[in-house]
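Look for chain A in each of the two complexes below; its partner is chain B in the first and chain C in the second.
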Partner chain A sequence: MEDSLLVDWSRAQFALTALYHWLFVPLTLGLSFIIAIMETIYVKTGNIIWKEITKFWMTLFAINFAIGLATGIIMEFEFGTNWSNYSWIVGDIFGAPLAIEGLMAFFMESTFFAIMFFGWDKVSKQMHLTSTWLVAIGSNLSALWILVANGWMQNPVGMKFNVDSARFEMVSFWDVVFNPTGYSKFLHTIGSGYVMGALFVVGISAYYLLKNKDTIKAKKSIVVGATFGLITSMFLILSGDESAHQVAQHQPMKLAAMEGLYDGHKRASIVAIGQLNEDKKIGDDTDEFIWSIEVPYALSILGFHDMNAYVPGINELVYGDNDGHKIISAKEKIAKGKIAIEALKSYKEAKKFKDDVKASAHLTIFRAHEKYFGYGYLKDEKDIVPNVSLVFYSFHLMVGLGSWFLVLFFLILYFSMIGKIEKKRILLYSALWSIPLGYLAGELGWIVAEVGRQPWAIQDMLPVGMATSQIATSAVQTTFWLFAIIFTSLLIAEIKIMFTQVKKGMEDH
Partner chain B sequence: MFELLTYQQYWWFIVAILGGIFVFMTFVQGGQTLLNTLAKDEDEKNIIIASLGRKWELTFTTLVMFGGVLFAAFPLLYAVSFGGAYFVWMAILFCFIIQAVSYEYRIKPNNFLGQKIYESFLYINGSVGIILIGIALATFFTGGNFIKSDMNLSSWTLPTYGLEAVLHPFNVCLGFTIFFVSRTQASLYFINNIDHNYILQRAKIQVKIDGSFFLLFFIFTFGYLLTLSGVEYSNEMFKIIEYKFLNNILKTPLFISSLISGVFLIFFALYITIVKNSDKGICFFALGVVLTITTILCLLGFNNTSIYPSLADIHSSLTIQNSSGSLYTLEVMSYVSLGIPVVLGYIYYVWKSMDATKITSDEVKSDSHHY
Partner chain C sequence: MIYNIFKGIFSLYIDGFKNMKVGKLLWKIIAFKFVVFILIMKIFFFPNFLKTNFNTDEQRSSHVLENLTKG
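Now for the complex of A and B:
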């Protein structure tokens, strides 16, 4: 049976690991390509200064890469240690992308990493360049398979429930691989990594220009970083649009929470900026916002690519809406889910006693209500609503930051091209301080994605309460605090080392 | 294309091979525990770290791959073992977190914890981490205290969540066997990979010391394994069979020949290193270890043997049949596994390119990015 304290601690531990992991991965994704571009320029031009620039950014890359690996291994194994019910119930589908990631991406990344860092004098220039590109490609392939798996959790496709083994089983690998939610998540996530990599290069180069140190290398780096950042920021916005479109199709509650939308509308607006009314309760008549500035029609267009489209709100999704939109209430879904759970139990019982007639009858009932199976484990209709404030503010801040990055890259590139970048000190300071903002934006994106789909581990199929390992809460509390201490210590170490290396300058790397 | 059982056996074989490769790759961990034994000054330490530092990620990746394959091919085993023996797996993971940063951060200026702490992290990873992995693998033979419901949801019956495994002598013996095999391999690897007289002299002595401990533990542990009872299943009925693993070996000529070959290669490697002063011992030792460990792990997956017996309820015991993925998933994954030779191919190529010449003190000093 569900132990809510255990569930909360298990979620906290996974959230802690994921948030720490995501402090390091975006830089790996983005910086690896920027380094590959820089090394390509070196190989093409033969200019030794580009080799030195490449080696400097590689040094910072390596400091970040190691800790990304450390947090990554925990994430894979935590599915088993803390979410063992999940691992069994959906492991037949979810495990495959993780195994493929290891085989196709992780080995590539870690094998060619050795040449990238230690092979300058051991292999030819071309082989070294190929290795650098393969590390970048391997990192991004790794993200692909992880996000295929995560996309499947948001929009489960290509599977059926096997009543005999009591788990979901894969029926179409290609449906899982080409799940549009997985792809939009992949593109948006790697896009955010590219922007983070660009912010890092631009911000640190700006620091050197402000300090009047290594200016030639800094100027070269800033042009590569800002160009890469400008292109990938536009890509990020486009992939974000597709990502929101996918959310609207498959996770209407998440979309409603992202927009603080309690009452559904046709021709729905987007709140560009606003303050939520914290006293607002589900189903009451109070206003959703204390103040807001809205963009008319934008939510209908964003969600459904149709300005007249109806966007359901939290109230309709909880209480249902038979007024033309035929939305079933959560209460009804829970009732149907409970019928499915009982039918499954009865089916198993009948099978145990080899009563095929009864088993067949219960199976028919189960199949009729199977769609709502996961709802049967929820206690209350309001359980389907995530933390609206957290999702709303995270989403809006993320979008605001993403827009700022686009402007920043444009200005940096423009002033670099006309040769006045060194004089724009406010802009350079803004670039430097935008590095932590990039990390913040990435974390906020994951908060929107993961908090927004609560209470589901698998959207509409498996609530988190049913997915945890059946272990003592104290065991999870113990490991939570150990993780918190060790990750924080390693983060402090990483930041101190990184700062020292940056202060050293771009020489001697 | 094939029957479900064929895929289940194929995937257990892949698990066993990955286990064998992982145990070979633990030469990295073995080397970490020898850092202060083989190196007497900072320069020598840096050479050893440089030698290991170019390989550690492959060991790390093999462990991740081992977990990923277990998850995909035998999700119930993954769920029951990791979710139940919680403290053991968590302790292993902690040992690997601290390893991942230690190479990179060890001698970097302003590294917060100091060089000695990072070196002690490497030692903990190579000793505690490896012994615990051996213990965790041994529980697949000796069992765990879990039960599972009709819905295949599992729970652990002891509040120690897996830590009780350290009290079983067989588990501990296997843990120490892998610990000493990792150290023996490390010395053999250094002999092959490093060009430094003093390190080589000490490594040769260490091969004799660790090799002797390894052989003692291996002979004892293998003998112990042959006397162990195992759980056998037939039509979902489970029963304990005395000398189950001995019977499995005797029933399968392939196991006998691969075990003999593996053990022969291990002895041959030690012989050519100690007697003939060859630096190629690691190649034969590696093959021998992979063959031997793969065969030992295969003893679990064939001849109707339980891959994870339940000590709390024998009928909850796991087999390759009741814990595997579906036919469809195993078939899809089998196509994916055809890519394994490609991966092995490029690993071999990179390894060969990087190790074409032995590591010298001058090389390490001139490398701006050395660990």
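Now for the complex of A and C:
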């Protein structure tokens, strides 16, 4: 049986590593394209100032890339040590996308990286520009394959569970690659990286304008950053809409938690802003919110692209709803899951005694209940509900910040175009202080995605409690604190090196 | 022809490394991470549980199945 302390520490360690890794990835994704755009302007115009601008941002890109390098590999270590059941079970599915990532994207990225940094006077302008674009494309392709894997965990498709090897085996590679949850997640995630890159360029450029330093280059940079940010912010809204639509289809509990929706409705509203009632319990009659401002119909439209659509709440998903919506209760799913587990156990024993007739009969029972397999490990029907407060506030804060970034980019671009940006000091300070807010929004997005799908490691198939290895909790605690110290030190190093470079100004890079 | 291509690639890296400014510090950080993450962490703190404790894939799948079906 699961050791809840071990599961909690394993989850905490993975969360720490993933959140830390995500401090570096978005800037790589976004800044790489902004640099490519800046260099394109240089090649098109021949204006040497654009070369200097490109080289400055490239230096900051390199700092971020170097400090972030290999932080993701820690998660692979954790899979093998802390999450061995999970690693074994998904090995066949994850092998292909991760191998493609390693072979194609990573090598493309790293090969052209050298030309991008060392090749300024060694190769032609066109060759250098091509390399810069390929670094950007390679970075983004790396993200594609990781997010295909993550999307599969949220919505497992294109696979079949092999009862003899205890592995999910890939039936259709293309179903896995074109999993709608995977690609909507990819688009939304890279979109957030682009916005982060834009916030970084706009924020640092704003700093120079506030200090009255390198103003010509800062003004040119801020226009590129704000334009890129404005376009990608709109893209982020569209991809977020598709992402929420996929959540509604495949992870209704996550959607209910995102909106603090306890009772399902037709023509459901979105809570634009509100305060959850912390005393609210699943199944009781108390109000969900202490106060809230709602947008009518918006949740039905967001989730199902239909203003009259019914959106199930936490209560319906836990207790079921036979009132026309045919939602099976968690209790019933748990019972079906237990039948699947028992059938798998009996199948295994029948195979051991080479009784093929019995084995076949048990396998038929297993397949009939396989859909609810993971539920059989849950102890209580309420276990299917994630931490509603954390998911709700993370989601709403993320959306609020995303909206602010859109307004910020618009204002920055507008005042830049009319030549008054230097006089708008409050706006410039806001841009500077929006850099950490961009990081916060990205991390909140991951909290929504990953906390919102609890208790599942693989949606409906494998709860986190069954995914862990049987190792000592103290070993996980030790490495948790080791990572916390190393990661914090690296983060301090990055901030220090970055600040030093920024303070030097945009000359001589 | 091939010699010149290799010579060009070689000098790209050599000159690139020689002329690095902040890059030298970054390479030191990358080397530090390589030692700490790959050599120390992986070897001493993160052994692959299934590879360390079982010799064959059959044993590994049996172990996982055992975990999945024990009451």
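Simple rule for what comes next: the second predicted complex is superposed on the first by the 509 of 509 C-alpha atoms of A that agree within 3 Å, B and C clash if a C-alpha of one lies under 4 Å from a C-alpha of the other, contacts with A are read in each partner's own complex, and residues count from 1 in each chain.
The definition used in the following text is that a residue touches a chain if its C-beta (ideal position, glycine included) is under 8 Å from a C-beta of that chain, and two chains touch if they have at least 3 such contacts.
Note that the structure is a prediction, hence the values are computed from the model and not measured.
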### Task
Mind checking the superposed model to see whether chain B and chain C fit together on chain A or clash?
clash
### Query
First (chain B), second (chain C), both or neither: which does A:D164 touch?
second
### Message
Contact-wise, after the overlay, does A:S205 reach chain B, chain C, both or neither (first, second, both, neither)?
### Response
neither
### Task
Check the residue A:S184 against both partner chains and state whether it touches chain B (first), chain C (second), both, or neither.
neither
### Message
Is A:S221 touching anything from chain B or chain C once the two structures are fitted on A? First, second, both or neither.
### Response
neither
### Query
Taking the superposition as given, does A:K55 touch the first partner, chain B, the second, chain C, both, or neither?
first
### Message
Tell me which partner touches more residues of chain A in the superposed arrangement, chain B or chain C.
### Response
B
### Task
Name the contact category of A:S430: first (chain B only), second (chain C only), both, or neither.
neither
### Task
Please work out whether A:I492 is in contact with chain B alone, chain C alone, both, or neither, and reply first, second, both or neither.
first
### Message
Applying the document's definition of touch, where does A:I341 land relative to chain B and chain C: first, second, both, or neither?
### Response
second
### Message
Superposing on chain A puts chain B and chain C in one frame; which of 24-32, 60-68 or 150-158 is the clashing stretch?
### Response
150-158
### Overlap of chain C and chain B interfaces on chain A (superposed complexes)
59, 62-63, 66-67, 69-71, 73-74, 77, 80-82, 84-85, 87-88, 114-115, 117-119, 122, 165-167, 348, 469-471, 475, 479, 482, 486, 490, 493, 497, 501, 509
### Task
Note which residues of chain A are touching chain C in the complex, please.
1, 59, 62-63, 66-67, 69-71, 73-74, 77-78, 80-82, 84-85, 87-89, 114-115, 117-119, 122, 164-167, 341, 344-345, 348, 466, 469-471, 475, 478-479, 482, 486, 490, 493, 497, 501, 509
#### Entry: Residues of chain C defined as touching chain A within the complex
8, 11-13, 15-17, 19, 21-23, 25-27, 29-30, 33-34, 36-38, 41-42, 45-51, 57, 60-61, 64-65, 67-71
### Query
Inside the complex, what are the residues of chain B that reach chain A?
50, 53-55, 57-58, 60-61, 63-65, 67-69, 71-73, 75-76, 78-84, 86-87, 89-90, 93-94, 96-98, 100-101, 103-105, 108-113, 150-156, 159, 161, 325-326, 328-329, 332-333, 336-337, 339-340, 343, 346-347, 350, 353-354, 356-357, 367-370
### Query
Which part of chain A faces chain B closely enough to touch in the complex?
55, 58-59, 62-63, 65-67, 69-74, 76-77, 79-85, 87-88, 91-96, 98-104, 106-108, 110-115, 117-119, 122-123, 127, 131, 162, 165-167, 169-171, 173, 348, 352, 469-472, 475, 479, 482, 486, 489-490, 492-494, 496-497, 499-501, 508-509
